[in-house]
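After this come two complexes, each holding chain A, first together with chain B and then together with chain C.
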Partner chain A sequence: MTAVVLRRGAELLLALLAVSVLVFLLTSLAPGDPAEEILRRGGVQPTAAGVAALRAELGLDQPLFTRYLRWLGGVAGGDLGRSYADRSPVAAEVFSRVPATLRLAGASALVAVGLAVLASVRLALRPRAPLSRAIALVTAALTGVPPYIVGILLISVVAVGLRALPTGGDTGPGAVVLPALTLGLAGAATLLRLLRADLADALRQPFVRLAAAKGLRARRTVLVHAVRVAAPNAVTAAGVVLAELLAGAVVVETLFAWPGLGQLAVTAIRQRDVPVVQAYVLVTGAAIVLLLACVELCLAACDPRVRRR
Partner chain B sequence: MRGRARQALLAAVVLFCLVTPLVTGHDPHAPDLGRAMLPPGGGHWLGTDQLGRDLLTRTAAAGRTSLLVALAVTAATTALGAVTGAAAGLAGGVADRLLGFAATVALALPGLTLALALAGVLRPGYGTVLAALVPLGWVSCGLVARTATRQAAASDHVLAVRAIGASRLYLLRRTIGPELAGPLLTVATADFARALVAVTSLSFLGAGLPPPDTDWGGMVSEATPLLVAAPRLAVVPALALAVTGLAVALVADARRAAQTAQAAQAGGSR
Partner chain C sequence: MRGRATILLLALLGAVLAGCGAPEQAGAGQLTLAAPRDLVAGPQDPYYTHQTLGVWEPLVTVDDRLRPVPALAVSWERAERGRRWTFTLRDGVRFSDGSPLTAEAVVANVRRFLRIAPRQSAFFSLDAGMEAAYGKLRDVRAEAGRVTFELAEPVADLPARIAGFFSMVQSPKAFAASGDFTGQPVGTGPYRLVEWVKGQRAVLAANPHHHGGAPAYDRIVVRVIPDANARVAALRAGEIDGLIDKGALLPGQVGAVAADPGFRVVRSPSVLTHYLTFNASRGPFADARLREAAELAIDRRAVARTLLGGTATAGGAFLSPVFGDLAAPGSGAPHDPGRARELVAAAGAPAEPVSILVSSAETGQFPYTGIAEVLRAALEQAGLPARVTVAEATKAVMEAGDYDVFLSAYSVPNGDPDYLFRRFLRSDAAWNTERRLGYRSAAFDDLVDEAAVETDPGGRRELYHRVQRMLAADRPMIPLAYQDNAIVTTSRVGGVRQSVAYVVDLGALVPRR
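Moving on to the complex of A and B:
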């Protein structure tokens, strides 16, 4: 167990470092000089002397590696830099957006896990029933149709056509329904694909087949025996899908004007506000890496097969 | 739905995108403010948008762009994945380790988030979309190519050719290469579905193609503020993308099912 924790911890640290390096390099990839950019946005015509002074102030005249270390030190202390647009600290803005995104991701996860678990059991019990075929077709289709398209169609029918729910914004308890449904459906499709394969594998296990051969009813075979075998893989799959939901939230937040992290990032992209984009990638990336690591540790704690690997 | 019907649906979409601009005779990009927001009817079958551009023509033109960019992304990821995967499967060594590392990183990193950040920071353009989607996109294809190469390399007829003294390059070109075509086509179809989603998502988020060029995601994004006043402006491109995505995903699904069945049959006959 300790070995697993240590190895995963090292891998986690490496992945976090990789994210931080990529995020840091974003500033160097951006065309133009950040100092010039800041001056121009402040309404100042950039002069050579002014740019040089600001470059020195921001530490941009230092070598790349020194800048990375300084930046990383700042990040570790909760300093995510200042916005190009209004020179305000990015960290405060980013963390004020986190609760809305978490609320959306949580509600979507409920939709995704609920739908996928129900559908996968149904598919395992009656693989050839018309409903099962329909579920399989919809699942295949949802991999090709982006979530915002599903969202647009939902908005135009439910919000514009029926006027049953708001078209967007965080305006009350009902407002989360459509965004969560949009994002949750996409997650459900991915999760169902993974669960279906796991459950099919579990149904092929000798002791599960023995249970069926003894005359155990199909419902009991699937729900009691097969589901238990598939459960650890299902937890991993749920972790992967949850990570996907966190990353995919940006699209749904933009469509539904949901005041989360993703909306902040898209506004920043339209304004080419690099520090805010950086902070978004860093926070989302770190959250995803941590989430996946947590899932794996939970599994190692309760599944003896993982520990021995 | 049968395999033929799925392919026919995809062919119909492609045909629609290519032929419609010729039939309607409108310029998809030229604004005509005097004819803005016309309802469907008259010379404009589906009406015009807020800048007076014909909705039907624009949807078709945007479709052509969406499909072409997605195709370019898929071509790049497939080529990169095939070369790395085949090298990793055949030679091992550096290529194998590179692929393993890339797979670990790609799995741990949020793909859309990184693509969005790259596309958002660089100047908008076709090159940027490729640069945002190819670096993480080729990994799935690489893994498939590696597995298929290893399997092919282990089979008896490849061993026989090897025993004669064929070089690795000859093996790859004449005996292993042809066996990679099937699995690569399968993964490429699935990757195309994913690329279409990714490309249009970037445009929807404002990090895609520069104006006046647009794809379906860009059209939906432009029309979202007018969703209550003129839902057709968003719904038409959304439906076009939904039908296309559906067709591609279904073709990919059928392709994968056929591949799995073929593999099971080959495994059984041995």
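Moving on to the complex of A and C:
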């Protein structure tokens, strides 16, 4: 097991380095001149001298490779640079946003996993019941409707119509409910499709028929035996869905004015605030790489076959 | 078993919903507003806060017609044909820390701007606008409680040029040597900034030392809600009492919100104008007849009324109506598709379709994809085949000369018309040369230079009218529509006024019964 962890650790570092190169190249090669964009923020055409001075101040006049090395050196020391927009340190800004995003991601994961597990068991037990058909229909619809639309609907019904919850902002304990539902429903739909297939697979195994033959109740067969067989796949699926939640948070956080990383990223992209965009992509990229590594370690811990690969 | 589980689940959901409760109602004396962006930029910004928050006040501000009006300066005098300007300060003004406003403090603010420029800002960078304001400044000094600006050349309208951000006054004690702020902003406005959560909200409290007396609301919370639909939802849900700032209500939202008797929409002209810029350095629009045909083919009234939802007025003179009598009356061609077809027939239609360029950054704020499609149809009806290109980096596309007409919106930093002509269209203007406008007119350059130093108001007006008539004939750029800005409050809030620069005087807001 130690060898597995070490090998995976080395791979992880390589993956992170690759992420850093990609992040830097993509954001630096994006068209447009950040210096000019920043100076034009009040809608006023900048002067050539002003643009040149700002380019020099931001180090944009240096060759790309020099800029990458300088940036990577900073990142290694925990310094993500300074925001082009307001000159504040990026690392502090990014990490101050992490708790809000984690709170939203955690609540959405609860919604996604809870709903998906409940629904998949229900579907496995009684695939032809009207409720099961309704669940399947709603899942298909949710897969097709973008979270932005779901969010707008929830806001207009629950927040504006019933005035039961705030429309957005991190204003109180209830504020996380609507964004978490919006994000969680999308995750639940994806997760449910994966779980349902796995559970159906497990239910076709010979031991299920054996269980039925010896008189075990269907509920017990599914909840105790089939779920255990489907679990490793479910863990992988949950990892993928969690990564999806992080990506979807960009839209949902903006819609609900949720003060997390996603909202920060959208504002930064609008303002051409390259260091913040780089930090966002790097942090979420690293989080997803780590998440998937954790999933793999979990699988290795519970399934000896994975360890040998 | 299943029934019990369902009941339990419903009870839990009910408890969660009840626990969250209704959104807190604004108590007496507190007002909650929202804006699309953070109106606080922080200690590294030249201004710390936007002028709208009323934390600081400028020497001079602008009214709803871009005219300079007194703020901290009660009056000003011009001497030596505009080489010396002297501003008299309001009496008995104190900063929010209790210290008095002095002429020396004003001078320290101007010197700080000059020292740290060029410096980026979330609002107005200390760059082009600064150059217009202080480019000709030789010296600024305090004299017997008054502030005197000595200029190297005559400037006809210094108050208009420094109005707003560039004449901000804060206590010099608020600034560090680097030009950054040492702590909170310390201004003379009706409110103080007492709490700021970046990207989320600013909390303002009444400034007890304000010269105009205490404002009606004790506290104002300004929330940041970036999504346009979410902003209106928060308003309808009763969480906020109003929306302020540039783009508070998008053109498509104004009608529905204004129809609700619970809300009062205030629409006023803004400094923003939508222009069409022609690439006359190549192909079809190098021919003046085709530029004229394009202008005649476009129904600007319909664009303003329908696509911009009535939140704009059709373009005419190059300077928008906010410039008052400096805008040339009667310039700009009418909608005449028949004449446009004749001109195209005479000049010969180009083989390649003309390219209408739009920036993807602007399509979220204004319905530019729709407008570009309407322009395309109008040009095609006149016999000019056209296509629409939406690009992320319009600068690169334009510098490569790979466009024929560019649709974009521009703001002016102050009431000085020289900015638009000098920065965009003079033969040596970066916009003109780098973006391949191909507009070269010695007569225009001379006229712009002449107008810039003319200090007699009548003569100046006449010169700027001639400049605009020349542009109306040459057509390097044509104004498509003058954009209004719409803000809204519930009907319980009164005293809402907005300047052309999106500044709402929060100190003037009052509760209404």
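Following the convention adopted for this analysis, the second predicted complex is superposed on the first by the 261 of 309 C-alpha atoms of A that agree within 3 Å, B and C clash if a C-alpha of one lies under 4 Å from a C-alpha of the other, contacts with A are read in each partner's own complex, and residues count from 1 in each chain.
By definition in this document, contacts are C-beta pairs under 8 Å (C-beta built on N, C-alpha and C of every residue); 3 or more make two chains touch, one makes a residue touch a chain.
Note that this is a predicted model, so its numbers are computed, not measured.
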First (chain B), second (chain C), both or neither touched by A:Ile152: both
First, second, both or neither for A:Val266, with chain B first and chain C second: both
Partner chain(s) touched by A:Gly169 [first = chain B, second = chain C, both, neither]: second
First (chain B), second (chain C), both or neither touched by A:Gly248: first
Contacts of A:Lys214 with chain B and chain C, given as first, second, both or neither: neither
Touching partner for A:Arg128 - first (chain B), second (chain C), both, neither: neither
Partner chain(s) touched by A:Arg87 [first = chain B, second = chain C, both, neither]: second
Which of chain B and chain C A:Gly43 touches, first, second, both or neither: second
Chain A positions touched by chain B in one structure and by chain C in the second: 30-31, 152, 155-156, 160, 167, 254-255, 266, 270
Touching residues (chain side chain A, partner chain C) in the complex: 30-33, 36, 38-50, 53-54, 84-88, 93, 152, 155-156, 159-160, 163-175, 177, 254-257, 259, 263-264, 266-267, 270
Contact footprint of chain B on chain A as seen in their complex: 11, 15, 18-19, 22-23, 26-27, 29-31, 137, 140-146, 148-150, 152-153, 155-156, 160, 167, 243, 246-248, 250-251, 254-255, 265-266, 268-270, 272, 274, 277-278, 280-281, 284-285, 288-289, 292
Contact set on chain C toward chain A in their complex: 16-17, 19-24, 41-42, 44-45, 118, 120-125, 127-129, 131, 197-201, 223-227, 229-230, 233-234, 236-239, 271-272, 361, 392-393, 395-396, 409-413, 419, 423-424, 430-431
Contact set on chain B toward chain A in their complex: 1, 104-105, 108-114, 116-123, 190, 193-194, 196-197, 200-201, 204-207, 217, 220, 224, 227-228, 231, 234-235, 238-239, 241-242, 244-250, 252-253
